[in-house]
């Protein structure tokens, strides 16, 4: 389980581990997995190179050290994070690929660790959440889902498991509850009324961008968080990079104009990872072939780091190692 | 009147029509026209490929169906929209090209339909608005104009009809009234005092970006809309894609930093098309050669769709088929 | 002292001058210098072409005329600005290059003019501010510093004078006071605790992006400005283009997602140049090889113009040629 | 069976047909099919957009007319060519996709027409040649294969049907004979000794680039052609665009430096299509996401046109409508 | 008559002159003119930036010095070359633009100097050759024409003076003789039989690429040169950069695969400029928006330099300052 | 001594070693070193990322296995090759950087191994050859130098050690003999007569491209090889990637049109590495920021592999493990 494409390297130089060797990761709190699969894409492929791109898109030394200025913790050091490399996923065989990924994710979750999966296209949400739910409780995990698209389609090109369908499959299977499915950033012209009806029947809560702009992102996030932690055993954070506007995140497969700014996404991820009982994370749909100057890969890298930093801060506070975080405080202490 | 460059295709697969055959479009409410002309550009050419790029920049099936999540209507189905292809416009002959376009636009407007023109450089505003005004009333149409530039120059390179002059020509001819000319998003270092003086004399109302930021875009739009509907018979919506910041819309000819975000433009167009008595629309200055990953072409596509969706919602409400729109409502009905 | 790379040209066509011939610039209020040096970069090189790119990135005629719509003055005409060309800076020899630049900057500042330096990487802040401080008063110049990075590192790659170190060197030498060092836009994962401690000991005031978002950019700028003008003889404005989000300014060496928008930076620079007693300006880290469609170079060009326009407006008001500026006023006078 | 991605269009505007409606193509001599599949790629995906890109990459009118200067015939008019659109191929399901393609190709071949397939990745050679062989004779069709890679691997990523395996599968099944498998342009560092041994055992004839340079491309082509027509019932022409040097054809998935020039490939395809009894053609591995200025898509377009033109000339001569072709003749007849 | 777009600069820093001031160029042997016009393009525009790009595409100092390694002369110093800047050509008005250019070219030619025109699209061949012929003799100038396209069309988009028509217009007017029109590098699928018939009737000699490959470029050039100098008073050299393969020269408007290599074009231009009685030169169709890393602009720059160097060597030999050139000689003299 | 920029990885996955630990590389025949330095560039910087790009530019698994189809040996397995990572070279300090590199190269050469250095700009030839000569014999090593430029300048920008000077410095110091300095591929307009005179005085042998085309590359290589092995103790192979035409190798700092094809360079390097007594190799001037689709980095990768494969074949023949190589043999043995 090493790099499927290109050189074998870990996220920003953190320690590697081997899923088949539990001793190599028994001390980890978070285990990173690459899911280099883009067989589920309905338009531009290329997300198979997402894991490799996210792992190395950084101008700082790849030394496994990243102290967050915003949070005052180091998501790679104050948290024990290891990288298990890529799951081998042949993009021409969705079934086998998804099965392999689900097994890997379940292995990590069952050991009480947080899997953090670097996609790959969004079809991997199906094995990811399934693997987590099998460990953390079937239907007991809320989903906090950032995306331009609902991904709740019935099928596309005759397939049930493309990247436009995973959320429906998860609710149908019961792995995730419809009324604990929170979607943020939807926009554009998909899906149509029939699918929206199905979504409403599941009692999903989808914050379309018009609502986000009208009511404010912070308000929407607070409301969604309250739902997410109500009668659940954990929250799974799914970030499709296309929730950000294509002008700032062009390196993706199905870009829809009118999204969040990069800043808004980073602020949101930081906050949710700091506040919620996260049990799994995925960052998907970074497709380097369509990127420019690595801007989207770097954004993906920072989404990962904000999630890890938020988690680290949450744990530091719980263990009494830090005071409650105040986002308005100056960076440098004043006397 | 088919595609001037590249393959012959309609906007996202809507039905084609032929302007010379009135039966082919007598049932349409909106008729799309391509104006593949960039002979008026003062800097980067390339907008001649705007119509082709806007027509096909979409990851969804080109099936003539686009249900708007924001508005709950389908701008391509709830409204009857047809695509009449491109007007043949040789970029080396502005006079002949403009005449051909004016004739086509007038034909559509005179039949009581809304022409929606895909540019092409902004010099086409001259024949577009002229053609509309000849049908809807000379000096009876207000102009709602999104742009980084006022386009009110006296001349450039010795020509009176480049893309920096159309707004002056329109006011000079009386086709449009200066005091019903609303400009939003101006910025930068053009034009100079002399032209500004002329603009003030015409009693134009130009919202420079500093004012937009200071007072808020929503406030400015509300104020402008009130002026636009005062003593007029219709509003023409002119969207130069360069009103958006070049960071998010690089594929254009004369990019000026410091513009709106993509989100802001889409929100504004949706709102105006929903609220105002639109009699014509143009989306201009998309120049694919300078674009990256089609982000600007996709934005152009969405500007068209937001305008159509807003129109469709307005008509649905007027005919009693829909309740008043509330942008803060959740996407999915809750019980 | 002409163009080090490419053709010999001045910023947007303003008059050239020769530093060795004082008569050629004795009438100038601002003298532009190119610093085509990128030997200090810790990651992507290429900023050596920043001066050339910023000088020519404009779609308007290169005629030395740029009337600001926002401010109603012409930063190139109402202010006397000349371009002294490039300082010859071999990127393989930091010491010699910095010495040459410091000498040039000091020459300008000592004559009572404002040097405006086009970088080049940010290591040039060391000779720039040193040159200014030698003329304007050692430790008497406040620094208003826009950047994603603090640039206060101890060393990198064994060197004390890379682009991550200049701010530390300046405080160590006493050229600039730590407690008059205002930083805006910091973010990401650098520097670590040890450097932050050093910064706090110097009593620097660094506005990290989380604070900027939480408290508002305008509030932070007002606070920083108040500190800057307290007991000082001038303010030096240092703009690292990477303070803007990489999505909007990709052409730079060490892009960190989550930054300001282009609009925010232009508004901030305009305001500060209008309000503060500026004694020097630098615009650094524009690296054209990583740019797309010149968007970052154009942004750099506009940062320069906003600074010049703000200065021009300030002087016009001081001399009674203009009324106090109101950013919310309409562009065109109404009657 | 219409366009799977993007707008519905035919190759350069030739007439469309529908495979399910035999009347629509019963008069055709060649039927073009799109195979928008890239689930078989071992590195960069993106060839799914090859069919759409090849169909529209041309600056001339899309009017179904292309008179060849080199051959004096029109490959789109002197030959009856129709375009049946895309076979729906979900890239996440190789088996279903290949089955659909094989069925379509067989349908065409069984009707005595020449299928010309636009890929898609090279894994489609398996269904393509299988479909042809089922109609033209199992093991009775020689393969003329231009490629940087032998594509004779045992498996990759656990799959037997990726784009590195099709040629082995074809020989194993008996669809194609190993000793009538002619490969031109191989180079680089794959496959290894074991696979080469297997290839030698099949008595394949592979012209590696070193041999091509040493002996001359014309000599190699003549030798290969002689083998191809010996005891066979037809020749299948398979062109992987990566046979051309990546410097001239960057838009492909697995670029290997040191290939043919564009000119050499076009000359070779023209000659072979003119000389050999062609029963099927495929042009594969054009991946637009990695292309620049459409140069690779345009090359793919011209490979198709040279093949069609060669076929047209061959038939014109056979039917007495043309004299034997002399490549050294002047374009214009002299008197 | 200065730069129409961007900064005002001369070709690689040679002295500027002003056509309206004959004293400023009376000592020149060659006068460079920019023709920033692309209103004649039938597909991609952008050649208006050709003059600016060719003038500055060089990594060496812009010092007006370029000693040719191949020829041992300096085309910018051993020949007296001046740059008269750009003719103002509004791309929306072909007639006025062409008239202005013809006047400028005639002014130069009538003074006995060689005009060297940087295009611009190829429609400028019409005013260029007309201007030269009016001075050097109507029908007395042979044309040596490198191009992928014959440019002998009757009309396009209703216009007689697009970039596909100039050669027909020149022969029709009698400015150039059909039987002294030599075309090298034609290929592809245009024009059709009717136009070819017209060309044959004019007794043009067109070397299509198949003939060039079959007979050898050197052979074809020798044959063409012999025709060119037979009963003529001078040779006009017209180089359309698209004669080179798009893989090596992507920055152009109508790329046709299968062209010359860059090396072949440079060798050909050097040889012809050295051997023939050149009376005018044009380098056209460099369109920077489609270029990558300036490779096509740099090629255009070198075509100009090879032409100038060849001329300089020819004159040096004629005046006895140099021995006959031997292309096979070592660069460095041996003892 | 690990990766200076980006992730820590070895060339295509070969074993790593540490120069400071001789045991880690005592069994190697070739040791790869990265020299991520571009402080010596006179135009575009960016070659500092050359080592990282060359190490990972390959679509095959990074498994340390690369069997050459051309030569029938594996340059990574039949030869013992290790990768010692990057020498730390701060681009702002040429002296310190060069000293560090010279020390590393000498360490390898003194141990009797072949250093293979991945640049970096060409200024590193100075420390590289110096380090080799100190071990292999001062003035006893011939230089086989592929380049568009002679790199024999006196100085540039006041520096003696930029990338245009190394060859002069080497001859001046005596490290290399002028009359054993063989240059292939020179072209363009640099250097001027004075430097050429100096080169002639040193009795250098420089094959300018005109001579290469006229006499044939094979002839020139044979002649140069004969000089190289006359009275010398080894041959150092220096490959500047810009010897290839910019159309095929755009990712470099000072591109000069009219170069070799990629194929020609690979054929030449293979042949020389197979025939000559190589004591050191460098591949320089790959600058990824200017590359497209990694084509230049991939070419650099293949130059390294051809050199290693040629060496491996030479040694295999010497030890009797292989028969003399015949480049015209078929890839597959026939019976």
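Points worth noting:
Per-chain numbering from 1; labels A, B, C, D, E and F assigned in written order.
Simple rule for what comes next: a residue touches a chain if its C-beta (ideal position, glycine included) is under 8 Å from a C-beta of that chain, and two chains touch if they have at least 3 such contacts.
Chain labels with UniProt names: A, B, C, D, E, F = Agmatinase.
Just so we're clear, the structure is a prediction, and the values are computed from it rather than from any experiment.
Chains touching both chain B (Agmatinase) and chain E (Agmatinase): C, D. Between D-F and A-D, more C-beta contact pairs join the chains of D-F. Ranking every chain by how far its Cα centroid lies from the centroid of chain D (Agmatinase), the top place goes to C. Remark: chain C (Agmatinase) and chain D (Agmatinase) have CA centroids separated by 56 Å (rounded to whole angstrom). Each chain gets one centre point, the mean of its Cα atoms, and the points for chain C (Agmatinase) and chain E (Agmatinase) are 44 Å apart.
Inter-chain centre distance (chain C (Agmatinase) to chain F (Agmatinase), centres taken as mean C-alpha positions): 41 Å.
Counting partner chains per residue, chain A (Agmatinase) shows two or more touched chains at residues 43-44, 245, 247-248, 261, 290, 292.
Across the assembly, chains come into contact as A-B, A-C, A-D, A-F, B-C, B-D, B-E, C-E, C-F, D-E, D-F, E-F. Note for the complex: chain E (Agmatinase) touches chain F (Agmatinase) at residues 59-60, 65-70, 74, 244-245, 247-249, 261-263, 266-267, 270, 292-295, 298-299, 302, 305, 327-335.
The part of chain B (Agmatinase) that touches chain D (Agmatinase) in the complex is made up of residues 3, 6-9, 13, 55-56, 62.
Within the complex formed with chain F (Agmatinase), the residues of chain C (Agmatinase) that make contact are 4-5, 38-41, 43-46, 48-49, 88-94, 96-97, 123, 156-159, 161-162, 289-290.
Contact residues on chain F (Agmatinase) toward chain E (Agmatinase) in their complex (touch as defined above): 42-44, 186-193, 196, 199-200, 203-211, 213-215, 245-248, 250-251, 253-259, 261, 290-292.
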